[in-house]
Amino acid sequence: MSVQKILSDLDSTRDARESLYKFFHQHPELSLQEHQTSAKIQEELEASGIEVIRIGETGLVGVISNGEGPVIAMRGDIDGLPMAEQSDKDYAAAGVTQVDQNTGKETPVAHTCGHDFHISCLLGAVQALNSHKDTWSGTFLAVFQPAEENAAGAKEMVANGIVDKLPKPDVYLGQHVLGSLPGGAVGTRAGAMLSAAASIEITIHGKGSHGSMPNLGVDPIVLGSAIVTRLQTIVAREIAATETAVVTVGSFHAGTKSNIIPDSAVLQLNTRAYDTDVAAHLHEAIERIVRKECEAARSPREPEFRYYDQYPLTENDAEPTAKVRTAFDEYFGENSVDLAPIPASEDFSVIPDAFGSPYTYWGLGGFADHTTAPGNHSPFFAPDLQPTLDRGTEAIIVAVSPWLLKES
Amino acid sequence: MSVQKILSDLDSTRDARESLYKFFHQHPELSLQEHQTSAKIQEELEASGIEVIRIGETGLVGVISNGEGPVIAMRGDIDGLPMAEQSDKDYAAAGVTQVDQNTGKETPVAHTCGHDFHISCLLGAVQALNSHKDTWSGTFLAVFQPAEENAAGAKEMVANGIVDKLPKPDVYLGQHVLGSLPGGAVGTRAGAMLSAAASIEITIHGKGSHGSMPNLGVDPIVLGSAIVTRLQTIVAREIAATETAVVTVGSFHAGTKSNIIPDSAVLQLNTRAYDTDVAAHLHEAIERIVRKECEAARSPREPEFRYYDQYPLTENDAEPTAKVRTAFDEYFGENSVDLAPIPASEDFSVIPDAFGSPYTYWGLGGFADHTTAPGNHSPFFAPDLQPTLDRGTEAIIVAVSPWLLKES
Amino acid sequence: MSVQKILSDLDSTRDARESLYKFFHQHPELSLQEHQTSAKIQEELEASGIEVIRIGETGLVGVISNGEGPVIAMRGDIDGLPMAEQSDKDYAAAGVTQVDQNTGKETPVAHTCGHDFHISCLLGAVQALNSHKDTWSGTFLAVFQPAEENAAGAKEMVANGIVDKLPKPDVYLGQHVLGSLPGGAVGTRAGAMLSAAASIEITIHGKGSHGSMPNLGVDPIVLGSAIVTRLQTIVAREIAATETAVVTVGSFHAGTKSNIIPDSAVLQLNTRAYDTDVAAHLHEAIERIVRKECEAARSPREPEFRYYDQYPLTENDAEPTAKVRTAFDEYFGENSVDLAPIPASEDFSVIPDAFGSPYTYWGLGGFADHTTAPGNHSPFFAPDLQPTLDRGTEAIIVAVSPWLLKES
Amino acid sequence: MSVQKILSDLDSTRDARESLYKFFHQHPELSLQEHQTSAKIQEELEASGIEVIRIGETGLVGVISNGEGPVIAMRGDIDGLPMAEQSDKDYAAAGVTQVDQNTGKETPVAHTCGHDFHISCLLGAVQALNSHKDTWSGTFLAVFQPAEENAAGAKEMVANGIVDKLPKPDVYLGQHVLGSLPGGAVGTRAGAMLSAAASIEITIHGKGSHGSMPNLGVDPIVLGSAIVTRLQTIVAREIAATETAVVTVGSFHAGTKSNIIPDSAVLQLNTRAYDTDVAAHLHEAIERIVRKECEAARSPREPEFRYYDQYPLTENDAEPTAKVRTAFDEYFGENSVDLAPIPASEDFSVIPDAFGSPYTYWGLGGFADHTTAPGNHSPFFAPDLQPTLDRGTEAIIVAVSPWLLKES
């Protein structure tokens, strides 16, 4: 079978692929600052004779145009996180730092979300496809996307014209290494899979006064507390119990002294939902409650709402998901499993939505014992090198096979 | 009458007293850092031949022992505030700064609470008494107290042995220039006059988690908001409506990001009461509510309470207050008025309480039109030079007269 | 002195007055149903040859026109309370009931607010004045007012034309027997003395649904609880700590079953204040908070507010109060005391306000040991027969003396 | 095929079955008062020669012992609801009433939950099985259960020895007519399908006082409101967003007058969960929050919790559900659909749990247009007579076929 043929070099390339993985692991870079990572990917693609199209500062796409047939895109995100790795791997990226261009401060960086695997597996797969062009037909696009961690990278590639620079994909694919799946397993799911998310900074206005004369002011701390308390009713009362929704107030800051009633308070909220109507309801309800509580408190100015870090819903299309699942079942057998919705968010869907292409996104188990595995973004999150690296590479080849492989 | 005689030099000394006032106004110093102020006071006292007893780093007492008779102490507090003066006086202390020894940072300083008047009036009065020893008999103690603004100075003088270094006063007197009294008026009141106050820093403990998985954590922002909300019931329900009590949460700080539930929250509270039982009830109720709300929320650790800036109740003794009021009525006529309780706090009573002496404390009007006067601690608070300076000097002489003056 | 002369029959009339008191005590009647009481008063007045003017169903005034001079009115309220007396007096009104005309139900009735004393003392005083017309000059009006307990009686007398039927009083007087004053004492106070009060029934609208599907409804119990919680901030934050204000939610009713979210909730509130601006602020704040909380909750209909049992502030005028106090001090000596503001309300001021007359209202001690005395409206409230009955009669004569007595 | 054979009399029996259905529809009876219903069922079974075992007052089981093979039980619940039917069926049970034995009051009754279909379909199926004993082998138990509506009937049958009186079923089956499924469809689902539910009556204790003196009491309305507000955090913060849980406070009652602070408040809560751990967490959290809020409020007595109307989770076993689904798919084709979890509760599982038998429970569509169908318990809930009646009968025969039918 063609899949086997395409993957026939897995053993012979393993050392090189593992070395490359370790390079990426040890050279993590912050979102939109993935210059070295991006250069290394380009170097690898060009060394294999694969065409490279750069999109924006650090985004790039490897393109294999291989005759008639569907256009299939596979995305790998490439950025690291601003934190220090604490894993006990012998190749751990201990002490790596980078100057954050937004703050000017040196900050630790680590691949504690596993994007190093996403890069390496996608490189392995595009090279394998390139080596075995005779077995398949169509176009393969290896999309190396920057800045997934701050929801900026996919938007940036769209802003930089990815839709004009590439043919429209028939399907857009993605994968993520997870601590929650058994090691070596690939997990699929049709429908809502990663939540829509948004952050909102809310500034509410009171009126300062001395703490002994609250009647001369409007207390923004009592107001903010009333808001936080009342926001709990959104999930508890306004959203159907069978829906999944979260409203978290992650920060509350107001005041400087015990006896001075401050002028304002700033709240930072985060919302999650697996349904766009639910997400819209959350935001309508938050704004409604905040505005009305401000009015109840005689707030002298309208509250201000600043939305940021907005992630769309990742909702796998049924048809490509079924195709991928069938292929996975056949190839991986018991290692092809169901994936539960993940309480996290992604900007993965931004690019296929810009193209108007269907998409599916699957999970890749990363730890021999997933019951004790650290979660993504934990300083200890460093998946097992193998079988993760091989399995993630195989998964891409198997996933594209229903579209690209020639009948054998 | 002897009072007139003691005050007979008021015209001839006016220029010198006004110059001295402007010196203090233009050289404000932070609490417990009043080195220049203290040195200037000592220099003035010694130039008049008045004995000086230093108590602590910046506290000092001018002592006139003038034969048999009562011991009367009068307090003047001497520190400025960490803020920039914004008055339009031609002698405004614009741009004055001092390095705060606690933080190492340069900070603006200003006499926006009027302590420069307290110093100058007390110096004028002690010098007048010294010039006319023939008219009175007894001992007069001019207590120049540091650090009233942070409630530390009176405690510091007690810690440095004021009780052992001075004779026990038969009465302890004090005055404060106020924006709320008519210009040139002196206001008295028996009983509760300045509130008991305390600040409390409360740390409450949650359990951090990702914002999308609140169930894995304990949300300290929701907990803190429940506490702030519930604290409102103390004044609204637990304290009799006829009592005066305030519970203010002046600061609330928790969290750093919208989607991370933090580990803890820190609240800073301030309480006010005109009755020690009420003050005690406030603190019992605050601790009760905080502890129980923490338990309701499954808080993993006991909350922590740190009390600071605790001011006692200032409750004028009836007998000396009546004596002073009678003397004021006779001398000032319509300018002797009733004073309402002031929603502020003082460490004035700490020293007389340490001696076991009765006390009374009166107000001095500072602005021609008190209906538009800025409040104490406003950057615009700069009382009219006159008649305030003369009136405050006269008030001291008139107030001590019932105890010290010889029958004429 | 004339006062002594007017009161010279106190001993000889004591038995008759005590019998009459016991009659009223044993024949309590509900508000606006005081038919027997009113008839008995009329009978007594007419037996003494005093002119009677009836005002409304159960109100009446005894008028003595005695030549030139001021017009002085004294009010006695005459209704009982719908409760069963539990005192151990041998003349206790055990088991007395009356059919409540509003509900059609038989209900217990008792004079547990002491209005029986108010009637009896006023009858004694008007008869004494009538017997000694030679000692005084002017007009005395003995106003027997119904329905004080439900705030309806004074309004009813105004509605029935009391202002047109009587000459305008130069001063309007009243007294109330109290458990909080020492037995036999009379207490006066200028300024605010009884609180303004109002009751408000608030209906808030939700949208019913099955308890398992709160998202299909609007939960009025969560809304009502948010309102009650938020109302606490009015007294705690919006009213100066030095003011006296109370907002009580005395009843909260919603729902019939655990698993049905009801359509609405009904709250009954009561407010108290000693200042009309404060009272107005309370009502503005309550309506603001209720309306905004309803909007925050997506309430489908505006809330409804029904005000009832509204009592004005009773605020004694300074000049007549000082006159009465001086007269009390002279006559009663140590039994003339200061009265603290009373946390209760009255419709006493409605009639003098309708006339535009100044007023003063004093307290009368009712129990030998006032520290253990039951409060007004307690089922055990039954003041000592003597000296209360005599003292209340004397107090009226002494109080009117500055206006009516001829120079002796 | 045997299923067809068993169902071959459907046409010929239709008129009789429809008449019987209308009889039950027009003779609804309250829970545990289903005397006429029970007698009619017994009469029908005995007329067909089927053995009847009575269990308790109104419960009964039709038993067909037909040789070797599995024991299969099918449950039909038989009680009506205390409400008036408002459907426009020509056979509507308008004006039917029954005296409620608990209250002694006459109350309307109606089959607005569709139990009349459950009885009729089960009677039709057991008669069909009885008529075609040659096609199957084993034992069939038709369990007619009283009092599902108040969660009492299944417990009552267990208490009356159903486990001893019947052989242990290999599987226990049930169905429910629903407004939420397309007409004529049968819907299945493995796992949690109907929620666990419980009602809790909570009495919280305050301390009464006059509304103007809240400081002398403990306000149970403020306390109750704090509890209701705080309960919202359970679903919003303590339960994972991916779980389904509801905490509803369906009634809140306290107080009688606006100006009297009452002694206590009574809340009635209802909880729902699709997981027994979640249900347990809800109850732990409710008790924790209520107790701690009471302590925060200085409540003078422990709160009291009374649990009632407790329904277990209905969680279909995977293996029998899969068997039934396969049989449905084969027989009904597109009319065999997925069923979403239902936000309602049942005592269906009580009897199979008592036996230790696996169970599955399916839904039966009742309205041609399910998008506009009234919900169960609506006064308008009256499913279409056909195809509902036939389909529910067929469904039972098809469901039992994998266990009972002889190989053909």
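All chains are identified by letter, namely A, B, C and D, in their written order; residue positions are counted from 1 within each chain.
The definition used in the following text is that a contact is a pair of C-beta atoms (placed from the backbone, for glycine too) under 8 Å apart; a residue touches a chain by one contact, two chains touch by 3 or more.
Just so we're clear, the structure is a prediction, and the values are computed from it rather than from any experiment.
A.B. asks: Regarding the chain B and chain C pair, does the interface count as same (over half of residue numbers shared) or different (under half shared)?
C.D. replies: Result for this pair: same.
A.B. asks: Measuring between Cα centroids, what's the chain most distant from chain B?
C.D. replies: For chain B, the chain whose C-alpha mean is farthest off is D.
A.B. asks: Where the CA atoms of chain B average out and where those of chain C average out, how many Å apart are those spots?
C.D. replies: The computed centroid separation for chain B versus chain C comes out at 44 Å.
A.B. asks: Nearest whole angstrom, what separates the Cα centre of chain A from the Cα centre of chain C?
C.D. replies: About 71 Å separates the centre of chain A from that of chain C.
A.B. asks: Which residues of chain B are in contact with two or more other chains?
C.D. replies: 212-214, 219, 222, 226, 229, 232-233, 236-237, 241, 246, 272, 343
A.B. asks: Contact residues on chain D for chain A in the complex?
C.D. replies: Contacts found on chain D: 229, 231-237, 241-242, 244-247, 272, 340-341, 343.
A.B. asks: State the interface residues of chain C toward chain A in the complex, per the touch definition above.
C.D. replies: These residues of chain C touch chain A: 212-215, 219, 222, 226, 229-230, 233, 236-241, 288-289, 292-293, 295-298.
A.B. asks: Could you list, by residue number, the parts of chain B that touch chain A in their complex?
C.D. replies: 195, 197, 199-201, 210-214, 219, 221-222, 224-229, 232, 246, 248-262, 265, 268-270, 272, 309, 343-345, 375, 377
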